[in-house]
Structures are given as C-alpha cells and as structure tokens.
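In the part that follows, the structures are each spelled out as structure tokens.
Across the two complexes that follow, subunit A remains constant while its partner is subunit B and subsequently subunit C.
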Partner chain A sequence: MDVHRKYGTRPQRSNGLKSRLVFEQLNPWVMFTYYILTIAFSMTFIHPIFLGCELLIVILLNVVSKNGKQLVAVLQGSLFMMAFIMIMNPIINNHGTHIIMTIGGTIITVEAVVYGALMALSLAIVMVVFVSYNKSFTSQKFMYLFSRISPRLTLLTLITIRFVPLFIQRFKNIVTIQATRGIQMTSGSVKHRAKSGMRLLEVLLVNSFYNALQTADSMTARGYASGKRTSYERYRFTLRDFVSLGLLLVGSGICFYSATKGVGRLAIYPTLGKVGLSASGIGVLGLVILIYSFPIILEAWEWVWWKLSKLKG
Partner chain B sequence: MKLKSIQAHGGLILAIIIMVVALASILVFKGDHYLAFSFACLIASMLPFYWDFEVNQLRAREIVFLAVLATVAAVARVPFAPLPSVQPTSFIIIVSALALGKDSGFIIGSTAAIVSNLFLGQGPWTPWQMFCWGMMGVTAGIIGKYKWSQNVKVLCVFGFAWGFIFGWIMDLWYALAYVQPLNMKTFIAAFVASAYFDLAHALSNVFFIALFYKSWYRIIMRFKQKYGLLDEAEIK
Partner chain C sequence: MVEIIKTEGLSFQYSLADKKSLNNIDLTIENGDFITLAGSSGSGKTTLLRQLKSELWPVGKREGRVLYQGEPIDELDARVSAQKIGMVFQSPDDQLVMDNVIQELAFSLENIGLAPDEIQKRIAELVNFLNLQDILYESVHNLSGGQKQMVNLAAVLILRPQVLLLDEPTAQLDPIATKEFISLLKRVHDELGIAVLISEHRLEDVIPLSNKLWLIDEGTMQYEGDVTGGLKAMWASDKLTNFIPDVPFVFLKTGLTDSNAISKLPLTVDKGKQILQNQQIDLVGNQAAPQATPGEETVKVARTSFEYTKNGLYVLDNLNLTVHKNEWLAIIGKNGTGKTTLLKVIMGILTPRRGSIKVLGKKLRSWKQADLYNEIGYLSQNPADYFTYDSIEEEFFNRAEQLKLDTPNEAAEGMMAELDLAKLRKQNPHDVSGGEQQLVALGLILMSSPRILLLDEPTKGLDPLRRLRLGKLIKQLQLDKQLSIIMVSHDMEFSARFADKCALIFDGEIVSEDEPHKFFAGNFFYTTVVNRLLRNQLPNIINREEVSR
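Now for the complex of A and B:
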C-alpha cells in the first residue's frame, strides 16, 4: 500500500473510484454541462459584481476540492495574458467620454480601462474553472462522452493516453542505457544536448513501433473491430442526474434570456453606466450564483443530510 | 451507391454548411457574437478530417501506428523541458505528415495536442492547438506529394514559417475573446508580444529539420513499407 502511495504507481482508475466530491459522482454529461455553463456565463455577464461573485465561487470550489497548489500556479501563469488585456484595451481603444490622460496622442479613457479590467477578470474565471475541470473531469469521463460520437478517434486517443506514461518510463530506461555510450542531455552546449535528445527519441520511436505493432496484431487476434465496442466504466443516468441537469438547463435558460434583454451587463460604451443593479438584475445575479455554486451546494446538502441522519440514529 | 458517396463526402458537406451558416450569422448580427461564430468555423474546418478518419476502416495496426507517432510527438516535450522554447513536437508532426500524407498528418497533430494537454492541463487554448498542429500536418502532407519537398532547404523554410504561423494563431484566442475593438493594431501588438517565443519555435524547427529530417523520414517509411500501413490507394 505504502509503496503505491509513495511512488504514485497505482493505476488511476482505482483512485478514481473514490471521488472526493459529490459533484464528481454525477453523470459526466451533467458535469460537462456545468463547466460549459460557467464558462459561458463568465463571457456573457460583463459586470463587476457578477464577475467578482463568480470568481470568488470558483476559487472556493477549488479550495473545497483541495487544488490550492494548481490554482496558484495557473493564476501565476495567466498573469502575462491578463496584463496584456488590461494594457492593450485602453491603448487601442479610445472610445468613451471620461478622459483620464493622453500619452503621445493616445487618449486613455475610463471606459476602456474598466473594460480591460473586466475582461482580465473574465479570463481569470475561465482559467480557474479549468483548474477544477482538470481535477474533476478525468480522461475516463471525457472518453465516455465522446466514444458515442466518434468511437475510432476515441480508441486512438485512449491508446495514446496509455502510451504517454509507458513511453516516458521506456524513455528513462533508454536514457540510462545510452548514457553509458556517452549520449546524454545533462551537459554540453544547447546544440549538443538537443542532438542527443533527438538520438534518444529515435531509439524510443523504433523500439515503440516494434512493440506497438505486436500489440496491434494481438488486438486483431482477439477480435478487435469484429463487433460493437463495450465500455469499461459505466455511468448510469440516475434521478439525481436528471433533476440536476433539468435545474441547470432551466436556470441558465432564464439567465441567457435576461442577458439578451441587457440585464447583468454593464453599459460601458459610449458612457460608463451605473454599477448598481436593478431588481431583475439582482434576481439574475442570485440565479447565476446558485448555478455557479452547484457543486458546493451538493456538498453542503450531503453534509447536512449526514449530520441529520446521525442525530436520528 | 448514392448513400456511399454521401457518407464519403459527408464531413466536407457538413463543414461547408456550418461555415456558411456561421458567416451568414455574423452578417445578420452585424458583427456581434463573432467569437462564437469564429469558433464554429474553427470546429467545422477540422470536421472533414475526423469524418474521414471515422469512415475509413483502418486496421488495428494502423491506428496503433498513428498512436505511436502522436505519443512520441506529445512526449517529446518532456526531455526538452530544460531547454526553453525548444521542442521537437512540430518537427515530428511535419516529418510524419510528409511520410504518411495529409489525413494522417492531421490526426497525429491534433491528437498530440489534446493528449499532451491532458497531462499539462487543458484550457481554452486546446482547440486552437489542435487546429494549429492539425493544419501543420495537413500542409506538410500536401507538399509531401511533390518531389521538391524532399529538398531539406525548402523544408527548413516551411518549418520556419510554421513557427510564426503557429504563434500567430495561438495569439488569436485571447485577443479575439478579450480585446475590443479588434483592428490591425490589436493583432500586431499581440504578435509583437509573442515574437520571441515564435522565433525560438521557428528556429528550433529549422534546427531539427536540417539535422534529423532524413533519418526520421527513413525510419517512418521503413515501417510503413514493411508492414504495408496506410497505403492511400488501398484505403480509398
């Protein structure tokens, strides 16, 4: 047991059976819908209050599912793009009525600065949503969704996914063996290191071709493509999935309909509008917050239910 | 007979329909929601290749052969991690496409993108990377039909150009979505911001093609002929 934990050699699927969040036990279709909706909302409701709430909730979601480390890394990585958006918008765009200053003939307006900041915020939300996606939406689930649409492509992708750790392992062996012949990447000029890197990859390629073609022959021998393919993991569509999906779709439908009426979108050009929300704006904000915090609500619900059932017992 | 020809060209027909609808909707909405429609065009441009891959009855050997090339292209990012901006992924995609043709080139490129991102992290850039590397494979496969493509100097120019085209397409995804208004200034600024990385990518392509094109091409062709894989005349 301990050996497995230390080196992380346990196959992923045996870890995957125990999901941490209730949300991760839902049908992949429901999870996928949730991620699509969160990204769509972050691009639809360009308003500081909406975006601020959304960012806080997705950060909270990542904290609940314990991906703090990846969260920080991703936010650091996207700083460059966020800075680019925040600087480029005011420089390129000189629409708007409130002028802050002019630099060398370029007019900087309040409107453009606000727009740039909102867009950077929106990008940050998308990035943080993908941190959660990468953790919760395993490749098994991804394949489950797409094997119906395109079975051959899914097979190809699945084989490739399996090959990656295998090839890295094989590559390490090759590096060790070739080091005795003086081919290594640890010292020398960049050119020399790149050259030896390619030599090593060449060995990997030839070696893997032979092994893989044998695998393919054994696949054919065992009847690959002789009938319809079955799936390794099954995801049932339960009543809970059905209700969740229905609520998500109906709620988001109302939100998108209101968005076409201009609710929840800050008027920026030509003049900056008021940040305050109308009554319908607050309603839509509530709905958006509910949809965003859907995984957290499920988690809290389960927690409360557990406490209650313990009290009774 | 008629059904068969619809099946064979279905991907292309569907792609053209989607593109026409998306472009028409840009006109109808007077330029609003251009992000969604340009994304639809991006997906539609990849559709015919995936369709062909689904329809052509490839054998297990051929699928595994493509998987090995896609994996090596994806894994190639790992040993080169200590050398910043130098990675032979593009080189491997170009060589494979030259040897195997445009359809296989597309599949290898786009699969390498999606799989390497499964390990390095998916993001909004994934479809754009799939498109870039896929199209790199397609163009390499197309020039591979001509004799002059065996000239290493020509290929170096080709690799150099793709280093920049790749970077420029990858700049689009965030410029399109988050900067307004869109004009040439936006794009030029985005291109300048990424120029250093694009140049490194372009130069490393040239380096790998100049030194390793011949040997890698020979290896792939040897396996292709020895095992009779992906013979275009046989598939069609």
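Now for the complex of A and C:
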C-alpha cells in the first residue's frame, strides 16, 4: 500500500520481499561455485575480448537482479582504481618491445599499457561480481557453507562483511563532524590531506571496535558457539542443483585446461601477440560466456516458460 | 513465588580497577517479577546485570555466589543458559548479526541446534505474537531504531527465556518508540509470564508496570522493595531525587504524601489527576521568569526547502526561522520530520534546494567554510565522532593548537576546568560515560568561541542527573557568552525548563513557535507531564520546579 504524502509517495522497500531470482533458489554450493568461477575466469583469461564480454554479462546480471543503484556506485568507485592501474603500470613496468615514447628516462611500452588496461578491466569485473554476490549470497547461505568447517572464522568473516555498509554510514558521519572541527580531506596540501584521512580512519576503526564488542556480547548471549549449529533453511541438493553444478564444473574444467595450453590468453610479454582468436579460442570464449550467463539463462528460461504457458492457457 | 535467580553476598571488582564495582549484593528474582533497576550512569547497573548471565561475566575478581534455581549459574550448561536467561542491550544497531529479520530470529535457534521444523514453527509463532510479518524479509539496515530494538527483543524471546534482562534498552530511542517498546515488554510479561529485570534511568514509563524497584549507587544496593517505598527512598537521597518521574515528584515535593495519607504514590497522569480531584487539593504555581533578554538576529532561515534526491520528498518545506543573540531555541518534533536536516542545512553541510540562510548577517554562501565553523559549533548525537586522540587532555591541547590560539595550553586547561573535566584528563575519551563524552565534545566545540551553538539531541541516553547538569551548564554558557542556541530534541521536559523559545516542526515546516509556557499551555498532546497533570488548575505551569504548595 502506498502512503501518500504531501509530495509523491514513499519509496518502495528495497528488500522487503523474498528474493525470487531462479539462481538464488539454487543450492548455496552451486551459487558459490558460480561466483568462484567468474572471479577465476576474469583472472585467467587475460584477453580483451574475453574480459569485455565478461564485464558486459556481469553488468547485465546485476541489471536483471535489479542492483542498478549499487552497480553504478561501484562502477564509479572502480573507475578511479582502474585509472590508477592503467597509469601506474606503464610507468613502473617497462618490459616489452613496442616503445611508444620515453618520458624522462622512463620507457613507455605498448605491452605495459595493454597489460595495465587488461588488469583494470579484470579488477572491474571482480568488483561488479561482488555487487551481485552481496545481493544474492546472504549471510545465511555463507553460514550454511562454512560454519561447519570453522564456526569462528565464518563468524569473523560474516561480521566483517556485515560491517561494510555500517562502516560507510559511520564514515560519512565522522567526515562531516570532523570537518566542522577543521579536519578534512577536501582542502590543503597532499600531506595535510593524507594526515587528515588517516585520522578519520583511526576514528572510524576505534568507534567500530567499541561497537563490535556489543555485537559479540549479543551473539554470546544468544548461545553462539554453545555447540553444533543447525540451519533453519534446508538447502536440499536437488537434481537441478546436481545438473547445474555438473555442467559448471565440466565446462570450467575444459576452459581451464585450454587456458593452460594458452588458449584465450593474449600474449603480452615479451612481445604483444595478435588479438584475434583461433577456432579453439572462439570455442572457449563461447563456453566462458555460457558459464558467465548461467543465472541469466535460468532467468530467461523462466520467462520463456511463463510466456509459453500463457499462450497455451 | 518460585525464585529464579538469587545472588548471595555478590561482590565484583574489574581486573584493572582499584575499587569494587559491586559490593555485597543479595537479591532475588522471582517468577512473575517486573523489576526496575535504577541508578545513575556508572553506578554498577550494567555490571550487576552481567553478573546474572555467566557468558557475559566480565574479567575480574568475584566473591559470593549467583544461583540459578539453586544451582551455581556458571555450572549451567551453555545451551540452557542461553535459552533460560535472555539479555537485551542498549544499542539497537550493534546487537544485530544477520542481514534480515527472519535470519536474525533464526540465528538464535540455530545456535542452540534446533531442527529446521522446530525453527520454522517457533518463528511462525513469534511473528504472529509480535506482528512482525511486514518486516520479516526487510534488511536490518532499513529498520528504524524502535523496530531494530523490537527485533532484538524478538531474537531473545524466540529462545523462550524464563527471565529477561534488559540493559537500558530505550536509551537510544525517541519517546514514542520508547513507549511502544515498553508496552511490548508489558505484553511479554503479562501474557507469557516471563520475569523482567530492566535497568533504566528514565523511570516514567517502566515504573507503573513494576512490582519491585531496586536502587543501586556506587555498587551498593540502596533500596529493594515496592515502588512507593523506593520513590520515597529516592526522595530522601540527594543523588537520586532527580530520577523520580514527574507525577510522583510533584506529590513528594508538595508533601502531599505525608498529610493526606496517600499510601500508594500515583505513577501516571491519570492516577495523579484522580487524587488531586478527589481530595480537592490545590497547588500553587510560580511561573519561572525568563532568564535571558535576546539581542539582535544571528541566524535567519527564510523560505528554505530541502530534498535529498531529485523529485524526492521535501524534508524541509518553505521553512522560516529566526534566532537571536542570547536566545535558546528548542525545536521539538517526531523522528523524520527534518530536525537534524535543518541543523545540517544551517551548518552548510547540506545545500538547500531553495531559500536563503543568513548567519550573523552574512549569506551562508559568502562564508569561508573554516570561518563559519569557528562561529557555529555543532554537537552531534554521537559525541564519539569528535574524538581523535587517546586522552581527553590531548584532545584539548591539540584542538587549541589547531585553532592557533595565542596561549593554547592555558586555553585548554581553562576549558577543562570550566567543564569540570580536569579529573578525567588522562582517560581515553571513548572509555568515559555518555554524559562525559557529551561534555568533552562540547568543550572541543567551545574552544573556538563560537557565537552560535547547534545541539542535536543533547540529552539522548543521559541520566536525569547529568541531563540537569548539562542543561544548567549550557544555560550558563548562553548567558555568559551571549550565545545563540538552536537545539533539536524529543525531550519536552528539558526544552520546557531551559529554552527561551520552543518551536514544533512538522512536515518540513515550523508549525508553532512561542515562549515555552505559552507554547506548551497551547498544546494538548505535545506537552510536558506536569502540564498534563495540572492542566485543570494551573494551565501555565510546565515544569516540576514551578509547583509548590
């Protein structure tokens, strides 16, 4: 029900309802495998075509799961880091044979520029994958997977991850407050700014540490680590999960095997190779795209099924 | 009565402390009890509550015994202890562990190893009892403070405890959320028969529900027994007098209890009114005279509107506001009506969409940020955000140096002396109590000798004694330094007593503004307890200091 106010309506609740992506209903093991594979691929296939396709697909995945807002924020944030890598790599690294120019004794090579760009692209993919991960892979699922292996480490990880949004919120407050007393990062010399930044971080960490003590108490008070845990959500391993996991593992096995043979990896050092793909390269690319689009394919199939059933009905 | 928890000669000393925090305490919690534990901050309330749950025992030296149904409490199985003795803490945010509400509820049950079927059943049951279905899958970050605290309570209740320990659960909530939380607690106690021990320093809402009152001071139990007796004991003690809620306070102050044979002190406005009417008691009111004479305009907000996003809601909507030199303006209103936003707009932290703001006769835009911040001091709700050093004196010395004062050391010393912080100088600002943190932050702000002071909920989480001290101190500063003060607050009693002017903000606008007596006398719901109690006979009296016989 919309609540009508003077201007407009109240914004829709973001997470008020159960998630209904097909992918999110799979067994956590399958989901986790998917995320591991996407990250591994982005680091294995250092090739502009591969990375470009991968980035497009993960962005599409986030659009499908309605993460637009976070996606934009993360892309904006990663732009700075990407630029940093793309600039720093050619300056620090001067291997390669194709020289573009020399600046004050530093040789800038095509190889280093390309490598820097690919690294930046790979980083962007990882960050975008994490946006989807954060939305779909709830802490409940994380606990289900790892609390049996190491309950304490799992909890530590979980609390750390949970603290990220809180951290950002707090950091914003601290920045505002400290600015009113003259400590800020937006003006002054670089040294002054860096010093201010360190101060702000220190305040954040100290504050958060004091707050975390209460979280720990609340957990202990509710019997955490009092013995073996159970999980209320029963993640059954259905046939669908089994087939999905099998396909993911077999497909990725082929991809990784090909990668060891050099397929889908652009030769960069010592000399930049050709960007074009061989026949086997195209095959592997197709496989990688299929694996990356796995959640989207599931969603599309769902869509088609409903359309068909409506037609029949 | 069946006893649940019992302490015998319990004393406790923190491992690095030089004196005992708890001294020879003998207490019993029985089935069906609703006990209020009162005492000032740092009196040992939290320490005592923690002794009653062995998982939360702090490190230190413990003497005496704590028994759960006759057994030593630390020999209790961890699982049994987690289930039978529930504990809810102060901060709504920090107790939540999981992403969303249903996971938070399940977390408790998973910890004690229940089967999935049983977990589902218990969640279903509790969700129906507490009416949580609308927020069941909501992310915990999107909940309001009151909802968060309700979820925290639910996550403990789902374990089916026999006794519930609550450590100042409403200190961070606004008055409405506080009332909701307390009435929920009443249901839990009345309908489920769970014994409750709650530590509080705002007693107004909890005391009418309690069958017992415990008073603690400096680790020693001062009183233990029924509520009327407890309030009388508080009246007799210097420190705790301020803790007495308004209705019984008026009766104690005017000596009605002695002469008119009122055996049971009234605790609610309704009961108080009945007694006054039935016994035809007439009280005398001496309306406090205004203390300050305002000077010229210092802050002028005209036709200001603010929205957080494009085409969003107008949080401030065509708002007008004027504050003068040597004037304390209190802006009261519910959460989410734009109170804090207004302060941030005046500070220039947020840019209004429309309107003009003048500070000391100069447009906000023409101020240099650093100069503006020296003229306006802003005290936020969370004083810990101000601290950057390891000791209070370092905070002050560095602040003085940063401001390039002529005599930094003297200025720092002077400020610490003025706010009575000298004895805490070597302590870490994070380790001192909430009230003291508030003072340290205030001192740091005052170092730049601002002419305008903005206060955001300065009394949140303070006990009545410290709240009174803070009020008096700020009032003195206002008069001495001719400050303009804009305070946003839920605290009507505080505003009624100290402000020179009160304003009500609603839907982004100031809807009424007047001198406190006229302001509150004109309100029906939004007014102080004393005003509601004495409305029939003394309509212009708004705070308890003004009543006599």
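Everything below uses one rule, namely that the second predicted complex is superposed on the first by the 217 of 313 C-alpha atoms of A that agree within 3 Å, B and C clash if a C-alpha of one lies under 4 Å from a C-alpha of the other, contacts with A are read in each partner's own complex, and residues count from 1 in each chain.
In the analysis below, a contact is a pair of C-beta atoms (placed from the backbone, for glycine too) under 8 Å apart; a residue touches a chain by one contact, two chains touch by 3 or more.
Computed from a predicted structure; not experimentally measured.
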Practice prompt. Name the contact category of A:D217: first (subunit B only), second (subunit C only), both, or neither.
Written response: both
Discussion item. After the superposition on A, what does A:F84 contact: first (subunit B), second (subunit C), both or neither?
Written reply: first
Item to complete: Quick one: classify A:R181 as touching subunit B (first), subunit C (second), both or neither.
Response: second
Item to complete: Give one of first, second, both or neither to describe whether A:N173 is in contact with subunit B, with subunit C, with both, or with none.
Response: second
Discussion item. With both complexes overlaid on chain A, does A:M119 touch subunit B (first), subunit C (second), both or neither?
Written reply: first
Discussion item. Let me test your reading of the model: by the given contact rule, A:Q140 touches which partner, first (subunit B), second (subunit C), both or neither?
Written reply: second
Worksheet item: Can A:T97 be said to touch subunit B (first), subunit C (second), both, or neither?
Response: neither
Item to complete: Could you say whether A:T106 touches subunit B, subunit C, both of them, or neither, answering first, second, both or neither?
Response: neither
Worksheet item: Thinking of the overlay built on chain A, is A:R234 touched by subunit B (first), by subunit C (second), by both, or by neither?
Response: second
Fill in: Doubly contacted residues of subunit A, that is, touched by subunit B and again by subunit C
139, 159, 202, 206, 212, 215, 217, 219-220, 224-225
Item to complete: Show which residues of subunit A lie in contact with subunit B when the two form their complex.
Response: 39, 43, 70, 74, 81, 84-85, 88-89, 91-93, 95, 115, 119-120, 122-123, 126-127, 130, 133-134, 139, 142, 150-153, 155-157, 159-161, 163-164, 167-168, 171, 175, 185, 190-191, 193-195, 197-198, 200-202, 204-206, 208-209, 212-213, 215-217, 219-220, 224-225
Worksheet item: In their shared complex, at which residues does subunit B touch subunit A?
Response: 35, 50, 53-54, 57-61, 63-68, 70-72, 74-76, 78-80, 82-83, 86, 88, 92, 107, 111-112, 114-116, 118-119, 121-124, 174, 177-181, 183, 185-186, 189-190, 193, 204, 207-208, 211-212, 215-216, 219, 223, 227
Practice prompt. In the complex, go through subunit A and note every residue touching subunit C.
Written response: 5-8, 13-18, 138-140, 143, 158-159, 162, 165-166, 173-174, 176-183, 199, 202-203, 206-207, 210-212, 214-215, 217-234
Item to complete: Give every residue of subunit C touching subunit A within the complex, in rising order.
Response: 53, 55-56, 78-79, 81-83, 86-87, 89-91, 93-100, 103, 106-116, 119-120, 123, 134-135, 137-139, 141-142, 152, 155-156, 159, 311-314, 317, 344, 347, 349, 369-370, 373, 376-378, 380, 382, 384-388, 399, 402-403, 430, 444-445, 507-508
